[in-house]
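Have a look at these structures, which come just after this line.
First chain A sits with chain B, and in the next complex the same chain sits with chain C.
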Partner chain A sequence: MALNRKVAIVDLTSGTIEKKPIPLEVRKTFLGGRGLDAYLLYKYAKPGCDPLGPDNVVIFSAGILGATLASASARTHVMGKSPLTGMVGSGNLGGFFAPELRWAGFDHIVVKGKAAKPVYIWVHNGEVEIRDAKNIWGKSVTECQWAVREELGDPDIKSAVCGPAGEKMVRFANVMTGIKDAAGRTGMGAVMGSKNLKLVAARGTMDIKIAHPREALENDKKFIDQIVSAKVNQTQGELGTPFIWGATNSWGGLRTNNFQYNQILYADDVEPERIDEIAAETMGKYHMAACFGCQVHCRAKYKIPPSPLAEKFGVVGKYDEGPEYTSQGAFACEPGCTSADTVLIGNHLVDQYGVDNLEIGSIISWAMELYEEGILTAKDTDGLDLRFGNDEALIEMVHHVCNRDTRLGDILAEGGIRAAEKIGKNAIKYLIHVKGMSNLHSDERATPGLALNIATASRGSDHLRSRPAIDLYHLPQEVMRKIYSSPVPYDGPLSSDHREYVGKPWQVFWHEQCYMAVDCLGICKYHTVFLGATLPNFEDWPRVLYYNTGIEMTPQEIWTVAQRCNNIERLFNIREGFKKDDPYKGDVLVDRYHDEPARRGAPDVIGATIDREKFKVMRAEFYQHEGWDENGIPTPETLKRLGLENLDKEPSRI
Partner chain B sequence: MPGDKLSTAEGLRATRTYGQVRCHNPSCTSRITPEPGANTAKCSICGSEWRIFWIKPGFPRIRGPVWETSQRLANERMAKISGRKEGA
Partner chain C sequence: MSATLHVHTTHLQFTNGLEVVAVEGNTVGECLNHLIRQFPQMEKALFAKKDKLLNTIEIYVNSASAYPNELGKSIRDGDTIHLLVALAGG
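Up next is the complex of A and B:
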């Protein structure tokens, strides 16, 4: 059946491999994917360990619905302690790796220790091997995937890899698969590099038996129809995620010039419609692709068109996918650039180096402000004119950070907080981060609910943990009430006005459980209430779960699993040093959110800041919904209700 | 297993609207109905003006602001805020 997949514990120091079944009770407690990963991280990573040392772990997993008939059951989750933040490290990627891992017989691969020399892990039809990676170490993200296919003689192998940036332990290096699928944020690629682990290759032909195939197919037809009929997904299928960037810039919600502004003016060349034209010009009309089992097909394919910049860096005609809206942020608004060429080139480089586009774009933009403020000088930049809007300097710095081949590049590769300590001169004042992770390119000053989301997210500033993005849609009260009063009752306030503070803590709390549930199931967030109010959520998942796996759970039970897993992430962060008001590890926003009003955009965005006192009230209410005390610590009652009261003492359930 | 009762998501499907966009001015968000195939549309409530892209016939989306109008409204707002602060 769909559940008879195993966990492999791979110790790279000793070379030992254990294979363990996943008991049904554990399934019902954590489901799979990110939820079970959080439990395994808590139990297998040594408390207080160096994230780049052998006592950390890196975990690769599929969700419980992976490779079933459920729509978009493609997601791979990667977890460990973050070398960027020192707290929860986590990334989630699409593509085709997780289904292949399940066909190969495994749902979770837990890697601990450190290999004496570069290795890779080969997972195939119930077997796990550690193999010499001398032929693939040093290769780019796509080169190493093709090299391992050639070495093992199977062109259908799928791999989760670290690129050159991960090998050099850039603290925000990604785990990648395919052309551009990235488990971004928090540096899981650096953890792979620290273990001398180049990739995990998977290939399998073990069937996933569907519990009730006829009913699963019938139900999925309705499910898919619901998904593809949503306007937001039709837009994604045409323009990809760049439409989000375009919509946000239109009203003034984009961090520009490292958060000095909130809108990039006259950026028509970077708008999704222009990116789409370039993709069509270089790849033909039907240039959109999809991940495994997905009908939305939001990923564009493109080749880099000729331009002086592309010629200078030798990338004319290079094939890639995307760019996602995050690359528009990283290579357009944040560094103050307005060229599609720069976005496409930057996107290609981060995909090949295997580095987080959000983090590298943010940190170079931060360095640009430091340069314009005189905190960094031409001596520090080796003569590079690191001003906003200098496309060439931006791309040059991407190479230097990923290769760590200049002093400044090496410093920035350490992540913002460490870099600020090395640079000194109050450089930290200009760093835009939460818990040490750079913010998405979005500006939340006009949207308090979204600000609360990034401040309290478990892996640092993060729009994919609890963002109530539909708050921007001005939904009628009755629609909001329908969504947010299920599966657990809620009769408190809700506001359709996204500038309001009232009601937002519940929305953030609700979305936190929703996104955790999605990550446990292993499906895509674009198939739930992330960008579209009419997309499936808790009430829809029990049927998908039951027909595909045979597990019967109510919407409330799925909610409880999500809350349990979110609390494990919270407990992990507390174990690793979380303090509510700690500027580096707390649930706080940097001063610019509170002190510097938005200066561009729609009339009523101008002047917006996050009120400090109202923010604290929101945060306190959010803690109450969570069942946490005034310091953001889960209460004993909450832990008991979620079955986590003995988490520290109990032997690992796997 | 759950029966045939419509879930919240399924029930909300009937509320979708077509042929319209919402004004992106956060304090306005009123519905705008662009002329079929039009490149721009103006909000009759707040005066914001938007460039329009058509995902397909009958399915418009806001591509971005008409920059000149946007800049004018932004400057007016900034002047109002600055004046208020100076007067305070």
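Up next is the complex of A and C:
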């Protein structure tokens, strides 16, 4: 059955491994993936633990629909306490690992403790082993995956790995699989490195029995039609996630030069059509690829073309995938660079080191502003001319941060808040973050709803936890009302205008539940209303869930599961120090959002700031929708309604 | 046929600030051509090349997506057209 997969608790200190079933009641309470991970994190991580110490955990999981007939059921979730933020650590990746984990018999691998020497975990057909990693430690993201396949004699093994950045505990190191699939943000790769855990390898041939196969297939055909008939997915199939970059830049929505501007000029070389051209030139006409079971195929394949920069860093002809929209931000607008070569090289390096592109691009761009302000000097940079637009210095710094081999690289590898403390001189003033995590390169000053999203997201500034991205489309009111009034009733205000503050708290609240539900099911956000209003939604998921797993749930029940799991993440953050107005751990924006008007772009953007008082009103309303008090703490009534009133006291349900 | 066309905020700079424009045509394509005759700068804002909308432009007719073949979609008197722009996603 799709539900007979287990949880493995692996203690790297003692070397013990426990295998536990997942009771049906637990399934109905948390579904799987990120939702059950949140519960396991809460119960297995020691309160107040050092994120890089043995009392933290790192959890690898598949969603409840993983490897079933459900479309795009490929997502792997990774969770622990974040070494970057000290709060919820969470990353989600595509590719092929989660299905392999399920075929190997497991849905969740909870890793605690710390190994005395480098190890890896080998999961295969119901078995879990801890093995010596001496032959794979130190290898890049792709090299270590091939090395473990060779060592175990099976080319079909899939692994979730930490790269060299994770081994060096760069606090924003990713967990990676394949070429470029990244559980990014919050540094889960560093948690692996801190445990001397190089990778989790999985290979399985255990069938997953589908509860109602004929109906599941028929339903999936409809699902696929719905997915591929959306313009956004057709476009992503041609250009990948970069498709949205050009229009957003023209409009004035991209943080540039570390948020001094909101539009990069003379950047035609970074436009999606140019990147697509390079992919076609180096990989041929059919250069788009997909994750397991997905019809969107949003990732480009490319080789780095010859250029002086590529030659200097020895990467001419190197193969990679992407770049994603996020790499256009990290290696173009944020550091003020305008070359596709730089984006493709930067993208390749972060994939090989296993480090978060958004975080490293943002933190180097921050250092560039500090350099131009005279807070950092040539002495601090070891002579590197770290001004905006210096492509070579940018790429050089990527190496230094990932290797921690210069003083500044080592400082930046600690993440923004720790680095600001070490640098001093009010460097914190220039850091663009929420809860210690750098922002996506989008500028939310003209979009209060999106600003509320990044301020309140559980893992810090984040566009994948509650962003009402379709708010920018200006959907007809009728369409908005249909989306946002289900599966729970809502008759409050809704505005199609992205500049409005009214109605946005409900949209953020709604999307928070939507994305959590998707992360519990283990399917991709491009298969829901993240970027397309016509894509599947709460109303569509009960059938997929029932036909594949046999679990009967209503849309409202799925919503309640999502709310329960989001509240666990909130409770975890509260346990680890959340305070509503804390500049480092609160639901707040940095001053630039409020005080510095946008300087470039379309008339509806120029001059935009987030009004402090209106922001507070939005946040208060958001808390009310959540069932939280005025300080953002879940009320006893909310906890009771969600069955979380005894979360601290109860023994772990797994 | 006469229809009501709702302009996206980012395009108000090209329509003299008009949020709603009366357009005429038997298809979406004809209605857009009529819009462009009134406000020539809208052409660049909507079209990648002749008869090909930009990838980031989506058309809704009477609150339903007109994709695919948006430009050939029939219009009846009193229909409502919304111009959507995909911006700033993740």
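Assume the second predicted complex is superposed on the first by the 654 of 654 C-alpha atoms of A that agree within 3 Å, B and C clash if a C-alpha of one lies under 4 Å from a C-alpha of the other, contacts with A are read in each partner's own complex, and residues count from 1 in each chain.
Basically, a contact is a pair of C-beta atoms (placed from the backbone, for glycine too) under 8 Å apart; a residue touches a chain by one contact, two chains touch by 3 or more.
Since we're looking at a predicted model, the values are computed, not measured.
*Asks:* For A:Tyr473 in the superposed arrangement: first (chain B), second (chain C), both or neither?
*Replies:* Touch status of A:Tyr473: both partners.
*Asks:* Could you tell me if A:Leu531 is touching chain B, chain C, both of them or neither one (first, second, both, neither)?
*Replies:* After superposing on A, A:Leu531 lies in contact with chain C but is clear of chain B.
*Asks:* What is the contact status of A:Ala247 with respect to chain B (first) and chain C (second): first, second, both, or neither?
*Replies:* both
*Asks:* With both complexes overlaid on chain A, does A:Lys614 touch chain B (first), chain C (second), both or neither?
*Replies:* Neither: A:Lys614 stays clear of chain B and chain C.
*Asks:* Between chain B (first) and chain C (second), which, if any, makes contact with A:His625: first, second, both or neither?
*Replies:* Neither: A:His625 stays clear of chain B and chain C.
*Asks:* Would you check which partner chain A:Arg641 touches, where first means chain B only, second means chain C only, and both and neither mean what they say?
*Replies:* neither
*Asks:* Can you tell me whether chain B or chain C touches more residues on chain A?
*Replies:* Counting contacted residues of chain A, the larger count belongs to B.
*Asks:* Go through the superposed model and pick first if A:Arg543 touches only chain B, second if only chain C, both, or neither.
*Replies:* A:Arg543: touches chain B, not chain C.
*Asks:* Should A:Ser442 be classified as contacting the first partner (chain B), the second (chain C), both, or neither?
*Replies:* second
*Asks:* For A:Lys579 in the superposed arrangement: first (chain B), second (chain C), both or neither?
*Replies:* neither
*Asks:* Can you list the residues of chain A that meet both chain B and chain C?
*Replies:* The overlap between the chain B and chain C interfaces on chain A comprises residues 229-231, 234-235, 238-239, 243, 246-247, 251, 472-474, 479, 498-499, 533-534, 602-604.
*Asks:* Touching chain B in the complex: which residues of chain A?
*Replies:* Going by the criterion above, the answer is residues 222, 226, 229-231, 234-235, 238-239, 243, 246-247, 249-251, 265-268, 271-273, 446, 472-474, 479, 482-483, 486, 498-499, 529, 533-537, 539-540, 542-543, 546-547, 552, 597, 599-607.
*Asks:* Of all residues in chain C, which touch chain A in the complex?
*Replies:* Residues 6, 8-10, 12-13, 54-56, 58, 60, 63, 65, 67-68, 80, 82-90.
*Asks:* For a test of understanding, state which residues of chain B touch chain A in their complex under the given definition.
*Replies:* Against chain A, chain B makes touches at 1-2, 7-13, 15-16, 18, 22, 24-27, 29, 46, 48, 50, 53, 55-56, 59, 61-65, 67, 70-71, 73-74, 76-78, 81.
*Asks:* If you look only at chain A, which of its residues touch chain C in the complex?
*Replies:* 229-232, 234-235, 238-239, 241, 243-244, 246-248, 251, 253, 325-326, 440, 442, 447, 450, 463-464, 467, 469, 472-476, 478-479, 497-499, 525, 530-531, 533-534, 602-604
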